[in-house]
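Take a look at the structures listed below.
Two complexes are shown next, each including subunit A; its partner changes from subunit B in the first to subunit C in the second.
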Partner chain A sequence: MSGLPKRIIKETKNLILDPVPGMKTDIPDEDNLRYLSVEMEGPGNSPYQGGVFNLELYLPEDYPMEPPKIRFLTPVYHPNIDKLGRICLDVLKDHWSPAFQIRTVLLSIQQLLDTPNPDDPLLSDVAELCKSNNAEYCKIAKEWTLKYAVTKKEV
Partner chain B sequence: MAIPRSFRLLEELEKGEKGGSQACSYGLSNGDDVSMTNWNGTILGAPNSVHANRIYSVEIICGPKYPDEPPLIKFVSKINLQCVDQKTGDVIVDKFTIMNNWKRSTTIEDCLMELRKEMITPANKTLAQPNEGSIF
Partner chain C sequence: MGNTTSGYDESGHTSGSSSSSRRSSLANNQTATRNARSQTMNINNTVSSRQRRASSVVGSLLTGTSRAGSSFSRNYDFSNNTDMDTTRTGSSREKQVNKENHYRNLVVKYDECVDGGFLAPYGVHDDEKKLDYNDTTVRQLIIGRKLQPFYLPLEDYEENELSDEELLKILRSTLLHQPYPEDIEKFEDLPGVKNLSKAQLEDASNIDSYIDYSSSKSERKLKKSLIFAARLYKLKSIWQQDENERYLDAKNSFSANNMVSNDKLLLDLYRNGDECPICFLYLPKNFNYSRCCYQPICTECFVQIKRKEPHYQNSHDENELTASEDTIETLVSECAHCPYCATPDFGVIYEMSSSITKTGLGSGTLPSEYTVRTEEKIDSSDSLVQNRRRAQSIPANHKSVVTSDMIRPDWEANLSKAKLKLKKRFAKANTIHMNNRLISSDENDKMKLIEDEMIERAIRLSLAEQPQ
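Then we have the complex of A and B:
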């Protein structure tokens, strides 16, 4: 595919050949090499443990001057992830640097699952619960993980 | 390698949430709809016309092929325009240039703003209008 910057080719190739632990990246549409699908395992010792979360990622025309666009496709109960799967994370916005990579972003998102940031929430009700009754927040997040992110193996 | 449907619609949603244009507004009908298919919009009637100060509600459906194909737009509020089916409120694509000559870069907001312009074209300007507030 002509016209695709070398940096993108290199980054995506690396992601597929040398994946981030607990993540699987794929190019679902050979005609659009700027569009990636990601399967992310929930971090251990978090309410998302055991879940596999699907995300979609798009590298805009101005990448890496502009951050990648990314969202969850699997529903996640989390103060910084809204119902459309949009993610509130500084490196995806004001704190983006062209020195970061897709890999950096994916690790930051996995980290965000592990460490919610209820002081800069996207969903104020979830953030409130996360702060006031963390056990209850963890319980709901776990239920959502089981309901949406765990594929039941065929018996 | 154009922007995929989902991220394009997220961009449009973000612009709409920030207020978009003063003369129209738009957003998801259901904030939980991950497919971002059904939208609601309003168009403020064109000034210096019989439409001035009226607010028209529309429904917008962005199908799976949007933005390669135009959305479906339907007026909920009654309005008499040549490009609007007077029985159903549907915008008739053949009679509405921006949707008939669809470009991938055209947005929901562009469509709503063009509908507003339609209100004051010579062909539409003299049409009698239904009572304000009536619906299809």
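Then we have the complex of A and C:
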């Protein structure tokens, strides 16, 4: 593909100029404008509250006909996010629509942190705990948040 | 208008190459038929001589069936239908000719002009894999005013920032197609592509001279198809350059009667534009609208939306390990959904903008002679688009609706192809499995039994390959 599609330029420009609340998007490498880094605040009233999670987002050649590729770089204890940070979310897979945008995807991920979906898990053990002993699940998730997603000086 | 628009007919075909392709595919077919016969005889011989080691019987049967099976179908085809249809893929040469014609139809030509737009895409989503729609159908639909023509998109448009002169200057200097990148990675270091003339590139018969005959058969085949693909890519770019030059000549000729849109038409179109919500590009406002939720979509984005590859129903992580011979029939092809509201059987309706009159193909007016801008009165009484704002959706089978399946009618064939491929794979696995059983057993009876079973399977497979 020659050049960067208009849509990608517009979307990233909007994300940087008019960011999604609680999210910071950046282009770490000026030579690769398809690669974005995102800092996402954990939603309030969730075990992820107070944490700032790093994600990497890649817009494949076929974007927007194909969904963006996105994963957490910060470890997260969550039934739909695995050890490599891969996210199990319908809109990132077969429910993707070219009418969605990066913005929509980021909001969906933040929403997923807030409302895990243990019935369609990526990690069955976490999902099991989430269903059978939610308090314990929240406790571990909170520990992970403190350990990995809160920078030392903020503590 | 005849002279200026030679090279197309109303059906949307690019004439010229198609008749010659038909001839060559026919010739190919005759050789294919001969091959099929000799192979069939081979099989009969093999089947009758049961004395030979069973494993070798099955080996030759399996390779035999996969080759002869497809020739069977061609044989059948040939006797019934001499007019080659694209739904039945035959020899590889025939496939190549079809592909080449498809690529020719993806070249934007200035004199294939419909209401200031064109019959081929500008190249916003220029991935050849995703432009696999039926070009003839799409061209017909555009000429029939059932789909928005492919308009040249503008990257940026601010109504008040551009004077008419500036806007026209931008539009006039826009190429018919986005420039192609010279070298693409997957075709790097491939012999038989670089430094060749257009005529040499177009002549597929010389590909063989670039193949290293010391390599294995499958390697050679792979290399051949890669060279063909690389050439086609390069050719498409050359064809498009030729068209760009023709366009330039026509623009500069100033002979008023040609297929170049005049200033008035361009201004009427682009002063009334909007952004497509999918590609974010600025286009004339007469968009296609989704039949379900009345959202705009340009044709360039519409042709990108298609069925997913065949996959297992309810299988959520495509785990093929759970697949077995019995599950093949559960393979499904899921219809395309509306990108805006996820309604199944995605389809659009198109109505020409009421503010311009028809020009170009399928009309009596040349785009260079466009004068009238019809009065702004919008007679909405019989307009589907106007009437259905917020009303219920229009059914997919309505005569005005163009569905995703209509422009890719081959989805059913692709599904059966995928099923057949799986069947073959299971059959192969079975052969290996049974060969192993064979080696470990000494009993002759048992061998005989397995042999029969294998032959039966092989025959079943060859039957499955024949057209229903």
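Keep this in mind: the second predicted complex is superposed on the first by the 151 of 155 C-alpha atoms of A that agree within 3 Å, B and C clash if a C-alpha of one lies under 4 Å from a C-alpha of the other, contacts with A are read in each partner's own complex, and residues count from 1 in each chain.
Throughout what follows, contacts are C-beta pairs under 8 Å (C-beta built on N, C-alpha and C of every residue); 3 or more make two chains touch, one makes a residue touch a chain.
Quantities reported herein were computed from a predicted structural model and do not represent experimental measurements.
Q: Could you look at A:147 and tell me whether it touches subunit B, subunit C, both or neither (first, second, both, neither)?
A: Neither: A:147 stays clear of subunit B and subunit C.
Q: Is A:10 in contact with subunit B, with subunit C, with both, or with neither (first, second, both, neither)?
A: second
Q: Counting only touches as set out at the top, which of subunit B and subunit C does A:32 meet: first, second, both, neither?
A: In the superposition, A:32 touches subunit B alone.
Q: Quick one: classify A:58 as touching subunit B (first), subunit C (second), both or neither.
A: Touch status of A:58: first partner only.
Q: For subunit A, what residues appear in both contact lists, the one with subunit B and the one with subunit C?
A: 1
Q: Going by the contact rule at the top, pick out the subunit A residues touching subunit B in the complex.
A: Residues of subunit A touching subunit B: 1, 3-4, 31-35, 56, 58, 60, 69, 71, 73, 75, 83-86.
Q: In the complex, go through subunit C and note every residue touching subunit A.
A: Answer in residue numbers: 124-127, 130, 153, 155, 178-181, 277-281, 295, 301, 304-305, 308, 316, 337, 339-340, 342.
Q: Could you list, by residue number, the parts of subunit B that touch subunit A in their complex?
A: Residue positions touching the partner: 1-4, 6-7, 10, 13, 31-34, 36.
Q: Going by the contact rule set out above, which residues of subunit A touch subunit C in the complex?
A: Residues 1-2, 5-7, 10-11, 61-62, 64-65, 94-95, 97-99, 120 of subunit A touch subunit C in their complex.
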